[in-house]
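What follows is a pair of complexes built around chain A, which joins chain B in one and chain C in the other.
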Partner chain A sequence: MFSHIFSYRLKTILRDREMVFWAMVFPLLMATLFKIAFANITAAGTILPVPMAVITDAAYHNDQALQETLLRVSRSDQPLLELHPVSREEAEALLFDDEVAGYLEAGRPLRLHVASSGIKQSILRTFLDQYSQYQSTAETIMRRNPEGLDEFISQLERQISYTTPRPLGRNQPDQVLVFYFALLAMACFYGCYYGLLEAKEIQANLSYRAARVNMSPVHKLKAFLASSAASLTIHFSAQVFLLMYLRFILKVDFADQFLFVLVACFTGCVLSLALGALIGSGLKVSENLKDGIATAIGLGGSFLAGLMYPGMKQIVSVHFPVVKWINPVGILADSYYALFFYEGSSRYLLNLTLLLAFTLIFITAVYLLIRKRHYDSI
Partner chain B sequence: MIIKVNELVKRYGNLQALNHLSFEVKQGEIFGLLGPNGSGKTTAINCMLSLLKYDKGDVEVFGKPMGPESYELKQKIGVVMQEVAVFDVLTVRENIDYFCGLYVKDRQKKKELVEEAVEFVGLQGFEKFLPKKLSGGLLRRLNIACGIAHKPELIFLDEPTVAVDPQSRNHILEGIVKLNRQGATIVYTSHYMEEVEQICSRIMILDKGKEIASGTRESLKAMIDLGEKCRFEVFSIEQDQLNRLERFSEVSEVEFKDSLLTVKAHKGSNILERILMFLREEGIPFGRIFSEQPTLNDVFLEITGRELRDNGGDNV
Partner chain C sequence: MTVYKLFLRITRNNIPSLLLFLGVFVGVSLLMSTSSADRDQMDFSQTKIDIALFSQESTPLVEGLLGELGKTARFQEREDKEEQLLDALFFEEIHGILRIPAGFTEAFLAGQTADIYITDGINQGRNTYLEMALNRYLGLVAVYRNLLPGEDLHTILALVENDLARQTEVKIATEEENPSDFLQSRYYFNFLAYSLFAILILGIGASLLVMNERKIRWRTACAPVRQRRLSLKIFGMNFSYALFCWAVLSLASLLPNRELAGSPHLILFLVNSFILSFWAASISFLIAHLVKSRNGLSAIVNVIAMGTSFLAGVFVPQELLGPGILKAASFTPTYWYVLANDRISRSALGSLKDLGPLLTNERLYLPLVLQLGFGFAFLALALAVGKRKQLAQS
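Moving on to the complex of A and B:
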């Protein structure tokens, strides 16, 4: 009987075009769109070295410390600057053609000319501010101990890079990944719709087909389990496919934690299905309203997890910590993020425990509702 | 006794849907539950099947108390609901196979039963069709096939011919009689009196959740003081002539309206010849003549004072 119900449920779900689109195709499209949209952001992340012109006038030739500093920061292994020593006219032309982010005029004070504002210009300004603060020190070092200039420059670079987050764990924090992880969590919580469907197909007061099943000699809970197992199989398979697509086609980094990602994903699938079944069987509202509630949980939860604005994750964490712990979509997204970012597994395990706790609560509630075998009204 | 219902009471808030309803269904009969919409027919079936909780009373099926977990009893029961309950994304054959498979585990046997059900409801050639491609009548037939494919001993048919064209309706009614001849006991609900009159061996008329009459067609008609009803197309007739007609001992009621003279006779009386003679003697020209015996609608009308096919409410 299990295989009979299971196989027919597989058929009915796979032939439901609307369900297939929203639960399987839509997340793939979203992920692809993210990849296209974030391609430029990623490219913008590799902004060093910053092209800068310097006017080779008398002031520049007289400032040995500046010359030496600029040469070293433009010739290191990871150069900060792409230096263009040119005349004033050439510098202006380069700036006009957007070939350089700015040009420098030696002297006291140093003068930086830029045509626009942006990350590259900020880097130049920060570097030169730092240099100006220590200009006299650099000149003294140059005069008395030219070998010490390397250490001085490396300190300058360190101070500049101080504005860039340093990895605290496994990887650098990556805002783009927040989008992907929130998307994965959102797709996982499409399982709510499967849960709604399962409730509808087993509760005689929700559909005539369910009434027919209830009139048959099949144990209601067994029928529900067989049917839900088919939904879970399809939903989890779709999630694994989405993960594969992200990992191998879109090259999203999961920090080689794929097995743990799958564990979190499976837990999320069971949780979302149970949540949907709970909404479907527990709420005495219209079918449309139930769909709306499931959508609100999935979309609202993924918004709070950073799907539309990655900073939201931080805002929720700081200002609404309670929401952070009761938003299952956010917890699932954070599980993925914890695997990617943190060295240890404690945060991942905490999230997984929370997900399992939610799952247990929802399944118990669904059991209590579904086990009812006759109704007050149909 | 296949079904024994004793003092069944079901309330929806203040509405009493079933009011101390008692009846029995014998093996091999087609038992008709007749009543207007909202009279409690569907509620009675759902209570018998233990889908609905009831407030008082007992239901026994095949001599055993019927409950939600009476799987042994459910195995012998087939249900055809008023609403079409099939999967839109499964074909005709798959739908029948799915619902048959809830009762029959053996694959080969199930396959044979599905074949038989397709043939029985006349859906050969439509096996690979999706339900949305079927006409209303064919869809109803599919609904029936899904309910009876496992060859149940007891079949509940809840208004299976609603919104069905006459051809399909006849096909369905013939099928029900055939199922009965094959040994199935049938409980049939309808608010179409002609259908019930046509196929049911015993009938119970329900109104407001209460039995108002029960028996065979003949015994129900015998309950009321109504015999033959004759209608004549008459251009005009004097009041005096109408009064004289009314004084005939066999006549219970005379009415002249819109050029139609209606004369009703008392129970057991036939008046056609007598009235024809009167019209000729009086020189009253007449056109077409209609004569009919009392129907279940007349029975219902006589007992309740209102039409059987009213729309008193939803399916209660």
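Moving on to the complex of A and C:
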């Protein structure tokens, strides 16, 4: 009987092509989009050279050092600046038309005019601050030891670093992975909708099909498990396909822990299904609202896990530490990240245990809710 | 009127879920705009980063260095246990670790290789400024010691401090208004492109799925009303729902930033987001005609609302996206919405009188007009699809 219900349920779900298609396609599309968008962010120097205008007034013409420096940094192999030497009016027009990130006015101090704050403007400011500071050093050396100026310039060009990186953990942390792992977790929690469906299809007051199933001489729990197993099969297969796509096509680094990733993914699928079933069987509200709650949990949870803004992980951890232990989407995303980041597996196992604990609680609650429910003859 | 009553009945049934979505999206938008975690990359008022410091020395050189680094970092005292530090890095409670080993000052002053150890956190970019400041400070000390051999360390450190106090004067076009206020509002209104769009697809989708049910369609089709008129009526009602959501989300924009209330910038942000609610309603109307069941709706929200938001610079700033992506994004209305918001936030607006010249400026009205164009195009498409569906059924 189990295999009979299982196979028929499988066919029923696969007939809802729209749900299966979108559930599979949306994470694939999103992951591809991430890859395209982040390829540029991680590539070095995408934002460089920064376009900057400089007003060619008397102060600029008199400042030989500034002219040479600006020319050097705009004509190197990897130029920092795209320099536009222009008049004040032209500089203002360029800034207004967004053609440059800012324009420079020579003098003491240097004046940088920008239209707003931003990354490019910050780069300009850092560079000009550094220039002013080195200029101050050069002046001191000129006063106290004029012969040392050449040595100062050559020392500047040597760019000595006084820091040594000391990595901690298995891999160098990577912010882009936060997006991918949150997406994976979100896709996994799409299983809530399958859970909702399963709850609907086992309670005779919610659907005609459930009424038919309840009439059959089969234990309700058995019918529910067989039917849920079919949902789980389809949902987990879609997740494995997504993982394969990420690993082999988009080359997302899972730190050679693919088997553990699969285990976490499977646990997440069971948990999301159980959560959906709990919402479906526990709440006496409209189907619309149940759908809404599932959507809110998926979207809200993945937002808190850093899907739309990776800095959210920090905000949650610092300001709402409880949330990081009760947001199942975040826990699942963190378990993927733990595999990548931690040398040992204790953090991963802790997260997995939490997921399993949630699953157990939800399944028990669902069982208690749907067992021995009888329907009057009307 | 009959159609309107039907719409109201459907909406009334959907009120709890719509309120739930509104609540979630208002919360998410507020959290997104008030969080300042990544502002240090975006803003001139650089937010300090949190660094776990383990210094095994307390010499004048190290103290001077830490004083300089204190301008960009907030040092935290933590237990030197690897697991706890990993946890702090993992949850981004700290952005990096700085270790100054014993004997550093002696080795540095003797001209030997002396290194400070840096461990990067999840966002490596944040430590770049810190690393630059560290190398600049020590580099200057080394230069002075080399070129002014007669000076003692205290004099050299004072010279370095004097050099590093020099800064470029930055003039921001909107400086009379505090630009950071509008930066925060820009984040909020940019995020609206996702939240409002998502809530409209979900809400309009849910109500239209009912309206498109075969029996209800048959009933409305036999009424003596032209199909186009009926479709426009339904769109009008959906648009009124869109306006309600827009009003709630716009009002919420004042919560994190009350100063915005009296500012002319608010009017422009509202105009832009009003146009957003029009095209988002049009696209949602089209999607609702194409979707057959409610099951696919939330996945479509993710693809359409979240996908376009990523592409067009709602979550990741436009200046970080490559020119190719921006070119592709310019075929979506979201791109023009974000662009208009960016331009509004950086406009110099002293009073309401300045609004006129700005609204007639091509740089601002072009993105607004293009969004309207997208809105009408999608509306026309939705009406055509609705008509085709009607013909197919009859």
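To be clear about the criterion, the second predicted complex is superposed on the first by the 252 of 378 C-alpha atoms of A that agree within 3 Å, B and C clash if a C-alpha of one lies under 4 Å from a C-alpha of the other, contacts with A are read in each partner's own complex, and residues count from 1 in each chain.
Keep this in mind: contacts are C-beta pairs under 8 Å (C-beta built on N, C-alpha and C of every residue); 3 or more make two chains touch, one makes a residue touch a chain.
Bear in mind that the values here come from a model prediction, so they are computed numbers and not experimental data.
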Review point. Does chain B (first) or chain C (second) touch A:291, or do both, or does neither?
Key: second
Exercise for review: Using the touch definition from the top, say if A:8 reaches chain B (first), chain C (second), both or neither.
Suggested key: first
Review point. What's your read, chain B or chain C touching more residues of chain A?
Key: C
Exercise for review: Return first, second, both or neither, reflecting whether A:318 touches chain B, chain C, both chains, or no partner chain.
Suggested key: second
Review point. Who does A:208 touch here: chain B (first), chain C (second), both, or neither?
Key: first
Check your understanding: Of the partners chain B and chain C, which touch A:251 in the superposed model: first, second, both, neither?
Key -> neither
**Study point:** Which superposed partner A:16 touches (first chain B, second chain C, both, neither)
**Key:** both
Check your understanding: Touching A:193 in the superposition: chain B (first), chain C (second), both, neither?
Key -> second
Point to revise | Shared chain A surface residues [contacts with chain B and with chain C] | key: 16
Revision key, fill the gap. Chain C partner, complex, touching residues on chain A are 16, 18-19, 21-23, 25-26, 29-30, 33-34, 36-37, 39-41, 46-47, 95-98, 109-122, 125-126, 128-130, 132-137, 140-141, 144-145, 148, 151-152, 155-156, 159-169, 172-175, 178, 186, 190, 193, 197, 285-286, 288-289, 291-296, 298-300, 303, 308-315, 317-318, 324, 334, 337-338, 341-342, 347
Check your understanding: Contact residues on chain C for chain A in the complex?
Key -> 13-14, 16-18, 20-21, 24, 27-28, 31-32, 35, 37-38, 41-46, 82, 85-87, 89-93, 97, 99, 108, 114-124, 129, 131-132, 134-136, 138-140, 142-144, 146-148, 159, 162-164, 166-174, 179-180, 183, 194, 198, 202, 206, 291-303, 306-307, 309-311, 315-317, 319-322, 325, 342, 345-346, 363
Practice item. Provide the residue numbers of chain B that touch chain A in the complex, in ascending order. Key: 12, 46, 49-53, 68-69, 71-72, 74-75, 77, 79, 81, 83-87, 89-90, 94, 98-99, 101-103, 105, 146-147
Exercise for review: Note which residues of chain A are touching chain B in the complex, please.
Suggested key: 1, 4-5, 8, 11-12, 15-16, 204, 207-209, 211-219, 373-378
